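Chain lettering (A, B, C and D) follows the sequence in which the chains are written, and residue indices restart at 1 in each chain.
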Amino acid sequence: MGGVIDGLPSGLPIDLEAIQQLVDLRRPGQSTITSPRNERDRVEILSGLMNGITLGTPIGFIIRNQDQRSEDYDQLKDLYRPGHADHTWELKYGIRDHRGSGRASARETVCRVVGGAFAMQLLKCYGVQVHAWTSSIGPVYLPDALVPDLNIIYQNDVRTCHLPTAEAMRDFIESIRNAGDSCGGSITCVVNNLPAGIGEPVFGKLPALLSSAMMGINAAKAFEMGDGFDGTLMKGSEHNDVIQNKNGKTTPSTNHAGGTHGGISNGNDIVFRVGFKPVSTIAVKQTTINRAGEEISFSATGRHDPCVVPRAVPIVSSMAALVVADLMLKHRTTRL
Amino acid sequence: MGGVIDGLPSGLPIDLEAIQQLVDLRRPGQSTITSPRNERDRVEILSGLMNGITLGTPIGFIIRNQDQRSEDYDQLKDLYRPGHADHTWELKYGIRDHRGSGRASARETVCRVVGGAFAMQLLKCYGVQVHAWTSSIGPVYLPDALVPDLNIIYQNDVRTCHLPTAEAMRDFIESIRNAGDSCGGSITCVVNNLPAGIGEPVFGKLPALLSSAMMGINAAKAFEMGDGFDGTLMKGSEHNDVIQNKNGKTTPSTNHAGGTHGGISNGNDIVFRVGFKPVSTIAVKQTTINRAGEEISFSATGRHDPCVVPRAVPIVSSMAALVVADLMLKHRTTRL
Amino acid sequence: MGGVIDGLPSGLPIDLEAIQQLVDLRRPGQSTITSPRNERDRVEILSGLMNGITLGTPIGFIIRNQDQRSEDYDQLKDLYRPGHADHTWELKYGIRDHRGSGRASARETVCRVVGGAFAMQLLKCYGVQVHAWTSSIGPVYLPDALVPDLNIIYQNDVRTCHLPTAEAMRDFIESIRNAGDSCGGSITCVVNNLPAGIGEPVFGKLPALLSSAMMGINAAKAFEMGDGFDGTLMKGSEHNDVIQNKNGKTTPSTNHAGGTHGGISNGNDIVFRVGFKPVSTIAVKQTTINRAGEEISFSATGRHDPCVVPRAVPIVSSMAALVVADLMLKHRTTRL
Amino acid sequence: MGGVIDGLPSGLPIDLEAIQQLVDLRRPGQSTITSPRNERDRVEILSGLMNGITLGTPIGFIIRNQDQRSEDYDQLKDLYRPGHADHTWELKYGIRDHRGSGRASARETVCRVVGGAFAMQLLKCYGVQVHAWTSSIGPVYLPDALVPDLNIIYQNDVRTCHLPTAEAMRDFIESIRNAGDSCGGSITCVVNNLPAGIGEPVFGKLPALLSSAMMGINAAKAFEMGDGFDGTLMKGSEHNDVIQNKNGKTTPSTNHAGGTHGGISNGNDIVFRVGFKPVSTIAVKQTTINRAGEEISFSATGRHDPCVVPRAVPIVSSMAALVVADLMLKHRTTRL
């Protein structure tokens, strides 16, 4: 795996250890509820830094695969897993890499995390912070009106911000895994302290680019800003966020909109939620077809996550950081 | 208003009347539940066609404003409407056009419809069709498992596909309007007959580009493919769409995924839903601030829609057509 | 004709009269040595300005055609003019607009001038100026080591900066026109007062983007920075521009490089030259083929320029202004 | 060094040995007239291929540096070489990598050659071939009207197509090197068998993209299509390429235009020439300034090429192949 980060300003001191730490939070093998593959994702920076400072030139990086067992994937060579991109990938390209699912594998998201980790260090210079956490696993939701405890997110296996719910979520995932099945869930993400004015109408609005970034993550199926679908049930007089002038800062007093109006940040927190479908590769026996088009029976035997949500938490925050950092740089050209 | 459509292949016969018809379906003044402004949106094509055939060169078009009453907007010059982009626009650019809200106005979506109408004519050559309809207005939803009657969508004011629900939706909007308030809702969109293989991993996946296109529409706040957020409650063994081989075509038998796997169309219908917040400009009195930062009271007196959803139906289908047409052209470069 | 200027910062006061003046300098019918077509190129601004100030939103504009004589072009419908894009246009698109040559006509360059005129007003805020002039017409060159008199460029028909040479150039063009033939020439362009640091390695270098902008102008066939091809004959010890520190500004003392090193402006003047081939549409009888592939004889009867160079002078400066303005905005994102 | 090749169609068999061979032709240390640094440029492919066939996904590659001597560059840390990008790079980014000049080094062109080598294999499928050769070294030019012997280009040190001239060029370079100085020259490139219709008006014309690609190569200072600057001296009746219909193929009979009309290929050979300035880093003593702005004396002691032209030959053909391959893929979307 590897990638190129272009457009990062020069002169930014990079904490490489922090980059590696965020990447480590994504990798499998961290707990009993994620895949037991023990991928060692060591980020190797190839260019763009001198003495730990960005040069303003592209930052190339690679991450060597370590714990591959190709036999895990040999059974997949001639069949299409239900719900998986095996089939569409082959229909598109006429060829596919069945070894680890190639680029269709969620493994490519490690590069998104590396990019996001750099973006977060740029955002930090401006006081902007991005936090994401699991807000539901299957039917287990965080309590309403919870004030999230951001410090505990990465201290529990499910990456949520409320310990009692974390336990219930974990129990649910384990029961699903024991049944050889999988489950979905959702992740909430908040960008704190983003200045007003960020977002590029009409084709680069902040919610549009965020949604695109999120819906491009493997297994993501839904996105909403602020009150989202629930907001469709409200009246305008309820949903409108009243603008207040407090201590010289004009900000909406409530945040039904999720921090944007007209696609531009309004000085409030950016708040959105992403829904993930259950993992498609399961041990439960299912019907599918092989490359010859014949109906066959299939149950996955590899090491697969029963729920992608906990591992997707750093991916969501990384993609959010990339979008916000891009738009903050773009905003520099807005005014004379 | 105006725009430029670039990239449309040469040799496509264009039905200009059909373009105007789709644009007419978006304009206000069509019924008692939309804004009484009687905008005449006559599309004037400036370039790119010869004898009604595309030349392969950019198609420029303009739509002159007709029924403007600047006095409707004079009251807005020195205040920021709650929930509206007035405030963010000025924070971003340091200047804003208060006359009709300038480019922050949903009026810009007329250009999206013109573009979408051209894209639909390209798609038609390949047998691809795009349909959208209102699936909820406030708390009024279409019945579950409804087979949509596509013929009646534009024969009822709310642009839905079930007449009894259309009446209930209409009644709800009228009651909201009589209260000087506004409501939201949602739109479902289906793309029929799209070949498998459309969508560009990993940053141009079909759901990613669709979500970006939808979340860029004024008042859109939520997006989901297929079962979306509901799918987060399912198990993998339930959500997986089993691939079948029927009459030589391999297609998933169910459509929980909404027609894509791994961001690529799988041969099934593309199905997604967009949630819209209630319109922010309402007659109900609200608190806000003026440009001096002082708290003031405000109730809108202009002619505004109580619900944006019915007029957004052709916008949703237009943006979907643009995304799908772009990706179909892009797909031409995929294989040797 | 029309276009959209996107990315211009908000808050820029626009002198619309200056825009029109630059456009007028490009139009035909201005003297006996240009085409007698009397095109009235009135620029109509459709969006993006309020009270003469840029809003930060796209600036749409159109220019209506006035003095079209379609009969001038009827003879062209079924043949391909030698040296003209008639043939390639049809081979590419399978269809072409023979009326005024459609988009293959140099008439499209009026839009480049409108864009350039806006860009020049942005550059003016930073003290950057762009000047272009005719440096050769056929074999008639400006004297070596001439200090150009910028004030007289638009006071002579050939748009050069030395009156005695202007007369010789004019005489040459008239003799060519009387023979029913055409001639080429070259244009020199200088960007004054550009700060060091402008240009984006490695695929957006200043000379690369300038050359692309120039080679895209109709009839342009050659481009060189600074000493260009002559510089290939020099030794490194001669060609190297020695960096000096004068009054706190470090600038090369000579300018063989034309103002860039490594694709980035070095604080010196940007200097380049563009070569234009002779106009292809001539009254002299020539052999060509018609659409049936049969050899035919052809001599153009329309009103055509014997030399494109004088009218291309404002086009060259406009394209240079667009490139430089884009790169100056892009440079805002370079450093932390 | 490394890069990512995106957009290569799936299903293309790749000859990795041919890729390495083209890269080897660029590297220094091949003869007495190039730098004695013995860089071993082993291309390592990281992704995008399976069993030697392209997957349609990005092809990542890296080339590890081998023969670095940082002491060669230590003397450069605190001074700016005349004519070199040291100075502009630091003015732009506020920081620069003096070790091997970082990304400002011509060493980055090895990635262009890797990309070009892949592009050539795609072009080969369509029968398109790209050839480049040295056409002048300082004042030593190839004879006029020479029929190039393409087989000998890489069998002589200066990469030209006429052995007697090759010897004269080599003698000239050696005399310059012995004087501690450097020289420039030019390269001619021809694309054979390109179909008519390639090139994207009006901002992606074939000559525009070729010129941009060439002017982005280190030390390139001039570009011309076909007769180029010489063509400015011709009359239209001389320069026009008469279109003929031979064996059902309509092609211009001469090629003054260099194979394009209106920015679109016309079925003739694409012919262009690139001029390179003399190398800036020389052993001859020169004046410059250091980072403190003080005037100092400097003579380079590292291992540097006296002439960049021979090594630039595969770079020119590589960049041409990339441009042509991109435009051929883009052309697939032109017609219905």
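Note that in this section contacts are C-beta pairs under 8 Å (C-beta built on N, C-alpha and C of every residue); 3 or more make two chains touch, one makes a residue touch a chain.
Keep in mind the model is a prediction, meaning the values are calculated, not measured.
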item	value
Chain pair, B-D or A-D, that carries the greater number of C-beta contacts	A-D
Chain of greatest Cα-centre distance to subunit B	D
Whole-Å gap between the CA centroids of subunit C and subunit D	26
Whole-Å separation of chain centres (CA-atom averages), subunit B against subunit D	47
Geometric centre distance via CA averages, subunit D-subunit A, whole Å	41
Of all residues in subunit A, the ones touching two or more other chains	10-11, 56-57, 92-94, 103, 201, 334-335
Interfacial residue positions of subunit A with respect to subunit B in the complex	80, 82-85, 87-89, 91-94, 103-104, 108, 136, 138-139, 176, 181-186, 196-199, 201-203, 205, 207-216, 218, 220-229, 231-245, 248, 250, 252, 256-258, 260-267, 275-282, 284, 286-289, 293-295, 331, 334-335
Subunit B - residues contacting subunit D, complex	7, 9-12, 54, 56-57, 122, 125, 201, 329-330, 332-336
Interfacial residue positions of subunit C with respect to subunit B in the complex	1-4, 10-11, 46-47, 50, 53, 55-58, 60, 62, 92-97, 99, 102-103
